[in-house]
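The same chain A turns up in both complexes below, where it pairs with chain B and then with chain C.
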Partner chain A sequence: MANSSLTQNLGRLKKILASPAGRAFLALALVLLVGAIFNAGGAFFKPGTHRDALRQMSVYGILACGLTPVIIAGGIDLAVGSLLALVAVVCARMAIHWSYPGFLAVAAGLLAGTACGSISGLITARLRVQPFIATLAMMVFARGLAKYASGGMKVSTAILGADGSYHYVEVPALFRALDHRILGGNVSVVTLVFAVCIAMAWLLMSRHQCGRYIYAIGGNEEASRLSGVPVVGIKTLVYAFSGMCAAVAGICQAAQEQQGDPEAGAGYELIAIAMVVIGGTSLMGGRGGIGLTFLGVLTIGYLDKILSINAVPEAGRLVLTGIIIIIAVLTQRRQRA
Partner chain B sequence: MKFPQPAPNAPQPPLLRMTGIGKQFGGIKVLEGVQFEVRAGEAHVLAGENGAGKSTLIKILGGIYREFAGRIELEGREERPKSPLHASELGIAIIHQELSLIGPMSVADNIFLGRLPARAGFVDRAVQEKQAAYWVQQLGLDLDVRQPVEQFPIAVQQLIEIAKALSQKARIIVMDEPTSALNAPEVHKLFGLIEALKRQACGIVYISHKMQEIERIADRITVLRDGRWIGTASAAELSAPKLIQWMVGREVSEQSPRHASHPGRELFRGENLSVFPRGRSRRPAVQDLSICVQSGEILGLGGLQGSGASELFLGLFGAYGPAVRGSVYLDGEKVELNSPRQAIQAGVALLTNDRKATGLVLPLSVIANATLADLSRLARRGWRCPNEERLAAETTTSSLRLRAASLDQPVGLLSGGNQQKVAIAKWLQVRPKLLLLDEPTRGIDVGAKQEIYQLMNEWTAQGIAIMLITSELPELLTLSDRILVLHRGRSTAEFSRAQATPERIMAAAMGSGSVSSCVKSNN
Partner chain C sequence: MPSKFKTLVTNLVAAITVIGFAGCGKQETSPTPGASSTSGSQFIIGMCQCNLGEPWRVQMNADLQAAAAKHPELKLICKDAQNDTLQQRAQIEEFVSAKVNLLIVSPKEAQPLTEPVAHAIEAGIPVIVLDRRLMGDKYTCFIGADNQKIGKAAGEWIVKALGGKGNVVELMGLQTSTPGQDRHSGFMAGIAGSEIKIIFSADMKWLEPDARNEMESALARFDKIDLVYAHNDDGAHGAYLAAKAAGREKQVKFVGIDALPQEGVVYIQQGLLDATFQYPTGGAEAIDTAWKILHRETVPKEIVLGTRLFDRSNVAQGGVELK
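This part shows the complex of A and B:
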């Protein structure tokens, strides 16, 4: 009897592991297990470690959130890192230099990010430029815009006067509020922002008709078009959403650094794409989900944290991360065969 | 029927002799016991309906299908083409309908692709261009062989492909519907070239659906039907009516239920329709067609490959955007259908002829597919209502007797017949007035076919008007109330059910004017 229930349980376990969510959970569990073993003298079990890990992965996670619908629709968005920098600069300029109220700085940042995303979307959807090329162009364009808006320097609370000396202004309330901890200092506000982004993206993908259209376009664009799906509109929407998420990430980044750095976010798009893919969303489009991306963000985020608390130098961290991404994607592929 | 004896004045073995050729795909026999022979200096037409097995036979000859039964002899030696490259080494060149040239590469590179004249691994450009220019001139073409092939019109590309075949010293040249993209002077030029090739003792295999061309070019004709060899005869012996009889002469199976007719008011009328799938400057796929369908009626569209029937459907459905000239009336109202969305809202639905490529989203569930075209009506202010979607999908799929383990299963995992039912369910869900069915029973088993015939009767009883394309003649004959036959985008005949016979339809589909005019005088 015990034997048959064992085989039954094994069968159930196999089934769970065959699903994309099961695979993503397994990868996360393995990373956490490694953390529990190599716990750096118990550092892994301190709540502060987890709070910091979650805070550090939040900006990447917000980008991954916006990228997931793009990738499910069969596209790609390389511009999110540059958009993050552009929005960080715009926000910092308005909040620090011009002392605008926080909500205006946030609104302007969101508008800039969403507008740039919409432009990428229109170029791919209406002008039929390959998304890789269209967003590569946007990546370069937005980086240039960020440098232009900042005058090529970090926009910080140290302001260069006319006589060549610096004077310091106060950190704006917006940045302090975002760089705050709540719930007895156990959760960072940016982590909360990440959670809200995940929730919004999940609602869009799983509960709104646009989400269904996004899956359909990624699965078979021509069949979707012939079923009356507004393909151009939906594709534009996913890039606009990705741009908006990049803007949110840019505001959070500016708040954490207390400055707008025009060089910020370089290479972030690739880490965010890796997070989406490691969760199990297919770059071919049509398969995946926000929940999977959430697991992917936790996996890569914790992996990085565990390596850093064990004082693995950055060189080794990057090499190991690259290897683990390949292993994860290979196991994802086997499940489909 | 016995294979014709070689003529006494040609004692040497024929260029090509294929005997007992058979081929199966997953248990289904698509070719069985087929024989085919080509002599030096003849143009041999291979004829048959769509799906008769012509292209399968050619693909075996061209080394694309390596697994087959039977024997292939080239000038008496047994050979088995193992790959397209091996076939070309054996002197077999196949000019497909879709050209196999590489657009951005130069004419010379294309002609010598795969066997570039090289010295120590580096292409010897001068030699290559000189040789390419020689072969191109042989065809009476005057062009710069350094230009990319995509710059030239299709007709010239076709000639470049023939130049490639000649440069490979091909003795057997297969042309699969070579004139489908050519205009009259270009066709004339091609025929002149075929005569020249015959004088050089090449054997030409010519596949065509056009009676005029067959009459003009053929020395001998071989007919296939349902994967079997029906006969080979010299063109002089095989008159057009007899050829058609060979092509269609199967007994019409009476097992499909006779469709009960319920014609009502006029539901759809199209006047002087022309469809331009590739822009207004190119040749239209359908030209000056007038057509009307009553509610409860099934109008069958007959025709062979290139008839333009599928393009007519896509055009009416708005799939090409505003690419239709002429007037369209739905329920007496003039409508403009410039996108699938508009067409669906107006009550038109199109079941495409390739469910995997253009019908279904394979990774998505049955429910997602069945509700895709109707999602905004099932949602409340854009927010989906999963329960209502499930209910809707359950209703339509159970009326279609869909067999699926679960409605949450990806449709990619279903059988062909059940996939087709999901594609149909999507269109029933939008409650269409006019249903355009393009090959509704392609690639599904007999049982599912019968079910779909039954369903078509149920829909017409509800007053839905149906336009039907099917390449299976018996299906067209039993299901249609009226049959309109298209040949190269123009209507060549219209038959009531009583008038329609397989021979008449086939004659009209091959553009044979005499037969259709005799039908008209009978009226």
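This part shows the complex of A and C:
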């Protein structure tokens, strides 16, 4: 009797572990276990470490939120890192140099990001350019715009006067608010912004008809078109959403750096894509979900933090990160077979 | 099938165009200087900047232009190689075939650019090499700062500021780059013999967000940190932001390097950093030297620039020169 319930429980456990979410949980648990073992003299058990780790992964996580629907729809968006820089510059210029109220700077940033995302989407969906190429073009274009809008300099609180000397202004309230901590100093505001982005992506993908369309397009685009799915509209929408998330990330980045850096976000797109993939979302499209992405973000984010508190040298960090990504992806593949 | 092939070709062409544009997007279109350098100005100086993505190099170009503006007979044409070695090589060759009177090169890397510069010398064009070195001696004059000396000055300042002992966090610039290595080894020489302990060191790759993250780790591990030595001001500022978020910025001193007017110096004025050491661009010195060469005066083969210390006591006076 007891024996049969045990095997039943074991079977259930096996089933959970075989599901994509179970695998993603397992990867995260392993990383956290490594952290608990190599705890850097107890630093891993301090609540502040976790608050900082969550703050640190938030910008990448926000990008990953935008990328998830794009990747599920069978696309890719390489432009998010550059869009982040563009929006950071636009937002810093408006909020710091022109002292616009915060909501206007945010609105302009979101508009810029969403517009660039929509353009990528339209080029991909209507002009049928491969998403890799279309968003590569947008990546270069947006980086150029960011450098143009900033004049090649970081947009900071130091402002060059007409006589060649610098005067400086206060850090705008918007940036202070975003780089603040709430709930007794235990949660960073950017982490909450990340949570909101997860919620938005979840609404887009599970609680809405268009969510089913996104999966359908990723599964088989031609069949979706034939069965009446508005392919062009949905594809444009997912890229626009990705652009908007990149804009949110850009605003958060500017707030945390207290400046708009036209070089910011270089290479972030690859980390965000790795986070989506390590969660278990397929790069081939049609499979995955935002919950998996959240687990992927936690896994890579915590891995980075654990290597950092142990002061592992750069070379070792890169090697270890590469190995762990491969292991995680291989476990995902076995589950499919 | 043919239509699929066509799409592929179109996409490839698009990709090549994009990459091509990216490569030469910001190249400044300049009037062909040619030998006809008599139109208004007497001498044309070509400047090959390896990239204008870093504020420090933007400052170098600004310094060059400001210095050149003082000599109406000099005309300065700047090109930006966008961190692409072959692009920079092509730009050097363009200047040589346009027969400019003098060339200033701030090379991206030594090996591939040594020969193009040597060809310029063979073509009778004097070359001033700025900041990074080339191999061999086929150039007219090298102007650069000494990162090891600056790191040592920072180390000595820190020994004095901490009274000879204390816990220091070192946030290093990219450790595969020579400036990062020199700023570290110079610093170690500067603190040698004191009781200063480096309790945490990390490679923040010159980036402010990375510095902030590493500093958070250091703060989580150690309750007593007396000073942060960062290899650039961005890093020191990132560390300051991390300490401020932890409410510990008053217990820690922050020291950076570079002292750009709109970054490090402003951070000192705002009371965020405690000291920064200038890494001079050499722009003004390059134009001075160029003027001397063009007027057939002899110049030394190598000019090593000094550094200036900016701290809270002297920032209003524009820092002090260190020997």
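To be clear about the criterion, the second predicted complex is superposed on the first by the 334 of 337 C-alpha atoms of A that agree within 3 Å, B and C clash if a C-alpha of one lies under 4 Å from a C-alpha of the other, contacts with A are read in each partner's own complex, and residues count from 1 in each chain.
To be clear about the criterion, contacts are C-beta pairs under 8 Å (C-beta built on N, C-alpha and C of every residue); 3 or more make two chains touch, one makes a residue touch a chain.
On a predicted model such as this, the values are computed, not experimentally measured, just so you know.
Using the contact criterion defined above for the overlaid structures, shared-chain residue A:Q56 touches chain C, although it does not reach chain B. The partner of chain A that touches more of its residues, comparing chain B with chain C, is C. In the overlay built on the shared chain, the residue A:E222 is in contact with chain B alone; chain C does not reach it.
After overlaying the two complexes on the shared chain, residue contacts for A:E314 are found with chain C alone; chain B is out of touch.
By the document's definition of touching, neither partner reaches A:G161: not chain B, not chain C. In the superposed pair of complexes, A:E263 makes contact with chain C only, with no contact to chain B. Look at A:G286: by the touch rule set out above, it reaches chain B but stays clear of chain C. Contacts of A:G144 after superposition on the shared chain: chain C is touched, whereas chain B is not. Look at A:C210: by the touch rule set out above, it reaches chain B but stays clear of chain C. Overlap of the chain B and chain C interfaces on chain A comprises no residues.
Residues 207-213, 215-216, 219-220, 222-230, 286-287 of chain A are the ones touching chain B in the complex. Residues 40-41, 43, 46, 48-49, 52, 56, 128-130, 133, 136-137, 140, 144, 147, 152-154, 156-158, 160, 166, 168, 179, 181, 253, 256-258, 261-264, 304-305, 308-309, 311, 313-314 of chain A are the ones touching chain C in the complex. Considering their complex, residues 317, 319, 339-341, 343-345, 350, 352, 357-364, 368, 372-373, 375-376, 379, 382-384, 426 of chain B touch chain A. Chain C makes touch with chain A in their complex at residues 7, 10-11, 14-15, 18-19, 21-22, 25-26, 52-55, 58, 175, 200-203, 205, 208-209, 212-214, 216-217, 219-221, 238, 241, 245-246, 261-263, 265-266, 269-270.
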